[in-house]
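Labels A, B and C are assigned to the chains in the order they are written; within every chain, residues are numbered from 1.
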Amino acid sequence: MSLAIQTPPVELETLVRDRAVGYSLAAPFYASQEIFDLDLEVIFGRHWLFSAVTAEIPDAGDYLTIDIGPYAVIIVRDDDEEIRAFHNVCRHRGSRLLKDACGSVGNIVCPYHQWTYRPDGDLIFAESQPDTFDKSRFGLNPVNVKVVAGLIFVCFSDNPPDDFDEVAEFLEPYLAPYDLTNAKVAHQTDLVEEGNWKLVMENNRECQHCDGAHPELVSAYFPLFGYSEDDITPRLRPVFERYQAARADLDRVCLLRGFPQEERRELDTRATGFQLSHLALDGAGISFSEGGAQLCKKLLGTMTEPRFGDLSLHLQPNSWFHFLSDHAVVFRVLPISPEKSIVRSTWLVHPDAVEGVDYDVESLTAVWEATNREDRELVADTQNGVMNPGYIPGPYSLVEDDVEAFANWYITRLQHHVAAFR
Amino acid sequence: MSLAIQTPPVELETLVRDRAVGYSLAAPFYASQEIFDLDLEVIFGRHWLFSAVTAEIPDAGDYLTIDIGPYAVIIVRDDDEEIRAFHNVCRHRGSRLLKDACGSVGNIVCPYHQWTYRPDGDLIFAESQPDTFDKSRFGLNPVNVKVVAGLIFVCFSDNPPDDFDEVAEFLEPYLAPYDLTNAKVAHQTDLVEEGNWKLVMENNRECQHCDGAHPELVSAYFPLFGYSEDDITPRLRPVFERYQAARADLDRVCLLRGFPQEERRELDTRATGFQLSHLALDGAGISFSEGGAQLCKKLLGTMTEPRFGDLSLHLQPNSWFHFLSDHAVVFRVLPISPEKSIVRSTWLVHPDAVEGVDYDVESLTAVWEATNREDRELVADTQNGVMNPGYIPGPYSLVEDDVEAFANWYITRLQHHVAAFR
Amino acid sequence: MSLAIQTPPVELETLVRDRAVGYSLAAPFYASQEIFDLDLEVIFGRHWLFSAVTAEIPDAGDYLTIDIGPYAVIIVRDDDEEIRAFHNVCRHRGSRLLKDACGSVGNIVCPYHQWTYRPDGDLIFAESQPDTFDKSRFGLNPVNVKVVAGLIFVCFSDNPPDDFDEVAEFLEPYLAPYDLTNAKVAHQTDLVEEGNWKLVMENNRECQHCDGAHPELVSAYFPLFGYSEDDITPRLRPVFERYQAARADLDRVCLLRGFPQEERRELDTRATGFQLSHLALDGAGISFSEGGAQLCKKLLGTMTEPRFGDLSLHLQPNSWFHFLSDHAVVFRVLPISPEKSIVRSTWLVHPDAVEGVDYDVESLTAVWEATNREDRELVADTQNGVMNPGYIPGPYSLVEDDVEAFANWYITRLQHHVAAFR
């Protein structure tokens, strides 16, 4: 039975219009089923989503499956070594096709009635159909896919944002030296978070909480987030000088190797919002470890200089990346429900690096495993808080400008959607 | 807080009207809460539902309880040996009355304040009511019930489909020789399926998946589903000849015993859709076992010929039955949520058959226990697939005509409902 | 995807208007998500709710947290010993502030970015905000709080019912001698009930089920509920005489001690509905135990007479209390979902009573622990029953007048709400 309660419903248009700039979002954005469904449609359904790395499927016939909200996708390397993406659902009566997280196939055979598809999506077998049946009309339902320097992006919309290639073109020279296309997956984890995907993203987009929450992570970074030279107290002066030296070193190496030095921040000014920055690291300055020491003996790609800082990439709506000389670690947030998400983290090393010899998985992943766990608790606390009717959106601080940029980007996307219905 | 999203809602009328004949149903039919609620109202709320066998409650005072979606029903044999059905809820303040799956009662006493009802539903005790209280107005809330050859059907509507008696009259001569009224329940199982009840039904309505999925079941049947004589390859020729011989034998025995031979298929042409067929079995041709061997030494009812094939009955919306010479096995699908159902299976044998002597429960149930488990996985895969936004309804094959008939019957029922609101 | 089913939705106004006086409520009141949300808004969001006792937070800085539906509240004793209540959510980006059920703090520090609040709610630290940031605008979001004789009440509305002080004034002289303000919490339990909060309340509001369900509890009370002198059969005569003697004793002691003797029943005639009665107990007549024996050697507050009966207080919407000479036990129902609630029970004794010496926790709590468990099963059965489409509201008996009063109070509150929208 459906029930009409007289209270007039809140209009999405009103919610979007009333969003206070500089303040966290209103509760329904984090908790309502309706907005979650809208996020799946408007955000996850219409943007390019970082999904996997080509290193996960190195050979023809290799595939992986990924569930992004209700979307289930097969990403497969076809017989011509091309990366393809398809909805993981049979064109006959809709069975899920591939159930394992990854594997290798000759053809893709449906477990229900054995309809059989080639890795390029063509239907090649369907039993007991009438003579008039036209196989060419029942190939796998494709998903748009693009590969940028070994990073695989999918888009579910028929009209993907047209600025993606521009962003990809900007990024490629930065990513090329790491040669992720030929990297090796050293480790991958899925962490279930008890929070809305946007709270996971907002948590990622600021480090004001790092000092209190992430003892492991902050040891690699200079503790100067959001400080200008004027803020440097006598006590911070030695740190600041150490930072200036490391920064100068990094700039020099980049110049020497011809590595591009422009940083760019277009987080909320385009559909494919992104930010690229190249940060010097503290201590040994090489990797995410106690004291910044190197974690994998073999450097990635064509890297020759271990002390190469953290090339940090943020992409809207749901991913972030750290590229270091000796490894890369890449993240994407997968929405499950208004109050649940998964963070998938993947660590990449040189293809010839040997586990137990060149690197140790536990050491390689320790800092971000700990950081993820710590963030998990903060996100759960915040989900709990924003569902309290006593929650009032609060003001972002000066060092939360990327959170604000994320929120602006998000609200702008909804505004476009709302405008289309007006 | 309720939230108005501008996207115009999909109308049921549109969904029903746009259903493509010959194709699987659109996703909302398998996944939406609204349609599930509608199914409970329009399908389960207004049709005759096979629920139990009289053999489950052989004596006066015996009862069983069954939950069909939100409906909870008591089926009880009253003091005059008549089968009655009531909503399992007290007329005082609504407590569930009987909590066990089955048992035996003198009267039905509410556990809350001890209102007491006779097995025929009359209220005979209610404490501390005023003198004006009229007990006759507060008897148990009855559910329509009909018994056909030992099979118990209930209907929750005040206007049950009026074609049921016609169908019952057709079926009775076929079922009489099995004498289920005096049979014994040898075993009963409830299997939870992670799928919409309609996916469970569609799975049951075709055997195109049997070759790949049901090695145990197919050994009993001739592997010729959907084949006409023209399709018989030289390799299949010996099988076909074996089939023709078994078929002729079965026809001869039926003729000899005066067993009706007309098959009938009215799956989507009436409210009480059904199909009755009588199939010859392969091998020993007697029962559902490796090689078709007999599973219970005592034959059912007045059966004298073990090799009597499979009298197979399909009923809309949610049941199917196999009657063999030595046992019967009957099934009903009980909806739980859009994505969850229960399949209840009951095996029946001759009342004098002794477990461990005449039959062994594990052997008796092995084929269908395995088949149910295998179908469970296919149904779960399909539920997963149809919830993927990449799902597109696909074409039924030539041998899926009964799936199509089920879908047609279902859509027709919804059309009647929609028409009543236009 | 949202789906428009043609069936016109039931209007709340219709449901409220059609409620049959003297009958249990219609099913949606116990089972629908919409009505549950409305209950949180109209009932729990706008009335004074008994939440805790001051004895739980005896010293400055002591706090407890309580979740009432979606509301999460901090109740804290500030540095001036005043009891304060706040929404348990940070004014920055909404993290839950305090996670433990109780504890002690100097200041309240947010776990996310360390915004810091004094126990009186003032924000005293917020990092990296611009110079224009005005701390005084971002103190903790307060919740209305009142303390009556050691009982803490909160109200989430900006316009709390204005009759509360009148009720408090009436109650205080009754409660004063028990001196709960200086009592000690001997035990507290949370019991999850599989039923709507209103079914838990209705169960509490009548004892017609006690004879059948609560063997432990009924031994303390005279088995004469709802009997007038005319109903006394010869068999009951000795009990009745015992009762009359106990009643006379209690009246005499009250008179002697100057304890007020007026009983009052205003359950459905005001916003802050309540009932106060003073019942003589059977047997030893002192406490809730087998035979009515004393359970704690030290009497509460200024009590001198152990045989002082049960001062019983019922408050709408969600609490009830028993004050005995040697202990008090207080209850509140916390809604979780349409079909789930928590009953929190707290036992209080004299602050100097020593566990293991003056009282034994197991004996002290045995009767109500058992009673709660028994009620839990009845409530679950009733939740199950009222969700059956076969449920029809039934007539309350003569001894269910307080259930009727609860239902009337509840429906009246909804009527006021509906009227405000007309």
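Methods note: a residue touches a chain if its C-beta (ideal position, glycine included) is under 8 Å from a C-beta of that chain, and two chains touch if they have at least 3 such contacts.
Quantities reported herein were computed from a predicted structural model and do not represent experimental measurements.
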item: Interface residue overlap between copies chain A and chain C, same or different (over half shared); value: different
item: C-alpha-based rotation, chain B on chain C, 0 to 180 degrees, nearest 5; value: 120
item: Chain centre separation in whole Å, for chain C relative to chain A (CA means); value: 48
item: Of all residues in chain A, the ones touching two or more other chains; value: 1, 5, 7, 37
item: Of chain B, residues touching chain A in the complex; value: 1-7, 24, 37, 202, 208-209, 212-213, 226, 377-378, 381-382, 384-400
item: Contacting residues of chain C [partner chain A, same complex]; value: 1, 5, 7, 9-13, 15, 28, 32, 34-35, 37-38, 41, 45, 70-73, 86-97, 99, 111-114, 126-130, 133, 138, 141, 143, 156, 418, 421-422
